[in-house]
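Next come two complexes, and both contain chain A; in the first it sits with chain B, in the second with chain C.
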Partner chain A sequence: MKKELRLMKGNEAVAEAAIRAGVDGYFGYPITPQTEIIEYLMEANPAETTGMIVLQAESEIAAINMVYGGAACGKKVMTSSSSPGISLKQEGITYIAGAELPCLIVNVVRGGPGLGTIQPAQSDYFQATKGGGHGDYHLIVLAPASVQEMADFVDLSFELAFKYRNPVMMLSDGAIGQMMEKVYLSPQKERSKTIYDWATTGKPATRERNIITSLDLDPNGQELFNLKLIAKYNLIRENEVRYEEFQIEDAEYLLVAYGTSARVCQKSVQLAREEGIKLGLLRPITLFPFPSKRINELANRVKGMLSVEMSAGQMVEDVLLSVNGKVPVFHFGRMGGIVTTPEEVVECLKSKFIGG
Partner chain B sequence: MAVVTGIKEIIKPENLVYKKTNIMTENILSYCPGCGHGTAHRILAEIIEEEGLQSEAIGVSPVGCSVLLYNYLDIDWQEAAHGRAPAVATAIKRLMPEKFVFTYQGDGDLAAIGTAETIHACNRGENIMIIFINNGIYGMTGGQMAPTTLPGMKSSTSPYGRDVKTMGNPLKMTDIVATLPGSYYVTRQSVHTPANVKKTKKAIRKAVRYQKLDKGTCLIEIVSNCPSGWKMTPVQSNKWMEENMFPYYPLGDLKTPVE
Partner chain C sequence: MTEEILIAGFGGQGVLSMGKIMAYSGVMQDMEVSWMPSYGPEMRGGTANVIVIISSERISSPIIKHFDTAIILNQQSMDKFESSVKPGGILIYDGNGITRHPERKDITIYRVDATEEASKMNNPKIFNTIVLGGFLKVKPIIKMENVIKGLKKSLPERYHNLIPINEKAIQRGTEIIKKVS
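So, the complex of A and B:
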């Protein structure tokens, strides 16, 4: 079926894509800069068309626990928020990871710490990729760099979430969430009627009762579970790394950037090349799993790398680990809701590597 | 041998007066002797069996003494984070409205850390049943002050007795819930005597019926004892409960539907 072309904000695209992906339930709480998601869903009123439930919860905490309840029934459920709200959700997210439930959490990142600012930032990288809540766990983290990807990654998120029974975070930012671009929308999918054998759907006589929990008071049992999670994360690292490369064939220097910064860095590559500097860009699409192998390979070919993020330097730690000392790695990025300019990136690159 | 043969002769279906309900599993309860949880579990299991709800029931268990409730009743369970059971149950019921959805929560879970989730689920009139065990103490962590601990009552975090000036007053959450338009049936019961067990069982049965009729939130508070936390024998604790808990938390219906 033909895709429909629309002009939309990133936040609206996520909402429309969720309806079209056949999502069963959305549970949210307003916070800038992502409130358009719940507004769009309430206006669209998919309960009347697909039967999708849309509920405004009393808090982000309640919303993520609604996601837990729905996911444990094997339903396609999601929530969205922005940085301070995502912090509130962390308790629920670690329980979801601990109970191995599939779901989508969208974070339209704003600057922090604390209440911070409502302007775009990428300062939640650590929180998103290293766990975020307590205990040993990982989310699968997808980083869209366009309105199109915000729409497309809804389907991809649920595919991965159900494949691995693991929560997926779409780590966007206030720029991509708020800006309007053309977007091709997939045709409406029917909501799934699958009844999963692990889900709490009421115990029939034909199976044992299903218990969704993250509790194991037996240390041996808990350690076995931790090992099971590690094996799952390793499988995800093996199978699900996604990235995009831009002008790396002859690159002597490499920018590593995701989301909004990656868009800025495309222009930086162009500007640098106009000055005769052979610059390339690697854009991680999955932040967990991180494209470590590829970055390590590229470290054999380039003279240095610059991690560009709208943060004080978070992803740069993963770039450093990937490069493992082969070439110098630096970080550049603006903070506080300021979007880095392409010229600033080139200036930094020159000052760090070329001198002058 | 003659005695054993005698017992075998007595064990016949026609002589059966009492047995474990099929919904209770073979797992040994983790509760202290004399605790009300076991009785509350039993009557909940009886209702699920008698009403034929096993394939429909999805329970949400709390954090607290009854955290392992999912080991004891042979139905599908979700273990919620501390206090979040009403939010969890909200989504289950919204997404699977044909199922029988309930939470089982203690006083710390429902009336302290989960205050917001409790009030808002009840205020939305979520079509779920909430069973609220109020024993005025945090049992699982070893007897700390609960939101429902009585004035002057000693606990490990109120060792000189609850001083309402510095520690606040006991929260009558059930009374609050009864004032909310979304709640349909709100009652306070106990399980410390056979007569009270019957009343509580009747209340649970009503809540099951109301949920089938899509009436809104039903909350059943069960004022209960905690012999270990109160540092009393089971008999003493029941007497203390009658003399001290019931005056503050009087038994009876707080909100009944006009039928």
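So, the complex of A and C:
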């Protein structure tokens, strides 16, 4: 079927894609810069078309626990927020990870810490990729870099969430949430009627009731569960790494950047090449699992890497681990809601590597 | 072809919607487009700006600091963005409320007195489409038929009765824009 072309904000694309992906429920609470998601869904009122529930909860904490409940029933459910609101959701998120339930959490990141600013930032990388809440767990983390990917990754997120029974986060930022670009929308999917054998609905007489919990007071049982999670994360690391490369064939230096920074860095690559600097870009699409193996391979070919992120330097730690000392790695990025310019990236690259 | 445009002025002047019409017009012409608004403290303090990129190729960074064309609609924006026009680029401004006119010698400067013209036409709301007309006269990157299609796309259906007056405003803009230096 032909895809429908629209001009949309990234936030609106998430909302429309959620309806079309056959999501059963969205539970949210407004916060800049992602409020268009709930606004769009409320206006679209999909309860009357697909039957999707859209609900503004009384708080972020209520919203994530509604997601927990919906996911326990085997439904396709999601929430969205921005940095301070995502911090509030962390308790629910770790419980969902601990109960091995599928769901989608969208974080349209703004500058922090604290209430910070409403402008774009990438300073929630640690929180998204290293757990965020307490306990040993990982989310699968997808980093969209365009409005098109804001739409496409909704469906992909649910595919991965159900495949691994694991919460998935789309880690976006204020720039991608607020900007408009062309987007090709997938046709409407029907809401799934599948009843999962792990869910708390649809119990036939032939099996025991299912209990969804993240509690196991027996340390041996809990450790076995931790080992099971590790095995799952290793499987995800094995199968689900996604990245995109720009002009790396002859690159002597490599930028590593995701989301908005990756868009900025594409322009930096172009500017550097106009000056005769052979620069390439690797854009991680999955932040967990991180494309460590590929970055390690590229470390054999380039003279150095620059991790560009709108933070004080978070992803750079994963780049350093991946490179494992083979070549120098530096961080560059603006903070506080300021988007790095393509020129600044080239200047930094020159000062670190070329003695400019 | 890539055209990198900044539109900056007061909130309520139709800065963001002018950008939206441009972006939609680009889509109608099968171009790549991006529309990146200010949504932060500036907007809450009364000034608004938007970066529109229209290109025949995939657009890299939607956020840039230097522009082929800057459309400047108040003094604060003039002070902030005159220096952001690329050498050889274009600055278009409305003289209304401007106390310090642009001074750069390495760019081409046009003036479109759209506030005055909109008031003559008894409709202050068409201010932004008059400016858009002026822009299209000096940068005819989109065919007029696609601009009209873009206008229709960006206006909610309940306002479609306003399309003829906006078409007229675009036309008027092309007539009144004049080169300053």
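Here, the second predicted complex is superposed on the first by the 354 of 356 C-alpha atoms of A that agree within 3 Å, B and C clash if a C-alpha of one lies under 4 Å from a C-alpha of the other, contacts with A are read in each partner's own complex, and residues count from 1 in each chain.
Here is the rule we use: a contact is a pair of C-beta atoms (placed from the backbone, for glycine too) under 8 Å apart; a residue touches a chain by one contact, two chains touch by 3 or more.
These numbers were taken from a predicted model, which means no experiment stands behind them.
Legend: residue contacts after superposition of the two complexes on their common chain; A:P30 is shown touching neither chain B nor chain C. Applying the stated contact rule after C-alpha superposition, one finds that A:M179 touches chain C and leaves chain B untouched.
In the superposed pair of complexes, A:T200 makes contact with chain B only, with no contact to chain C. In the superposition on chain A, no contact is made by A:P84 with either chain B or chain C. Of the two partner chains placed around the shared chain by superposition, chain C is the only one that A:L7 touches, whereas chain B remains out of contact. In the superposition on chain A, A:I212 contacts chain B only, with no contact to chain C. One of chain B and chain C touches more residues of chain A, and that partner is B.
Of the two partner chains placed by the overlay, only chain B lies in contact with A:G92; chain C stays clear of it.
Against chain B, in their complex, chain A makes its touches with residues 24-25, 27, 53, 55, 57-59, 61-63, 65-70, 72-73, 75, 77, 91-92, 95, 99, 200-205, 209-215. Residues of chain C touching chain A in their complex: 20, 23-24, 27, 32-37, 39-41, 59-65, 153.
In the complex of the two chains, the chain B residues touching chain A come out as 54-58, 60, 67-68, 70, 74-81, 84, 87-92, 94-96, 99-100, 116-117, 120. Residues of chain A touching chain C in their complex: 5, 7, 32-33, 117-119, 174-175, 178-182, 260, 263-264, 266-267, 270, 337, 339, 341-343.
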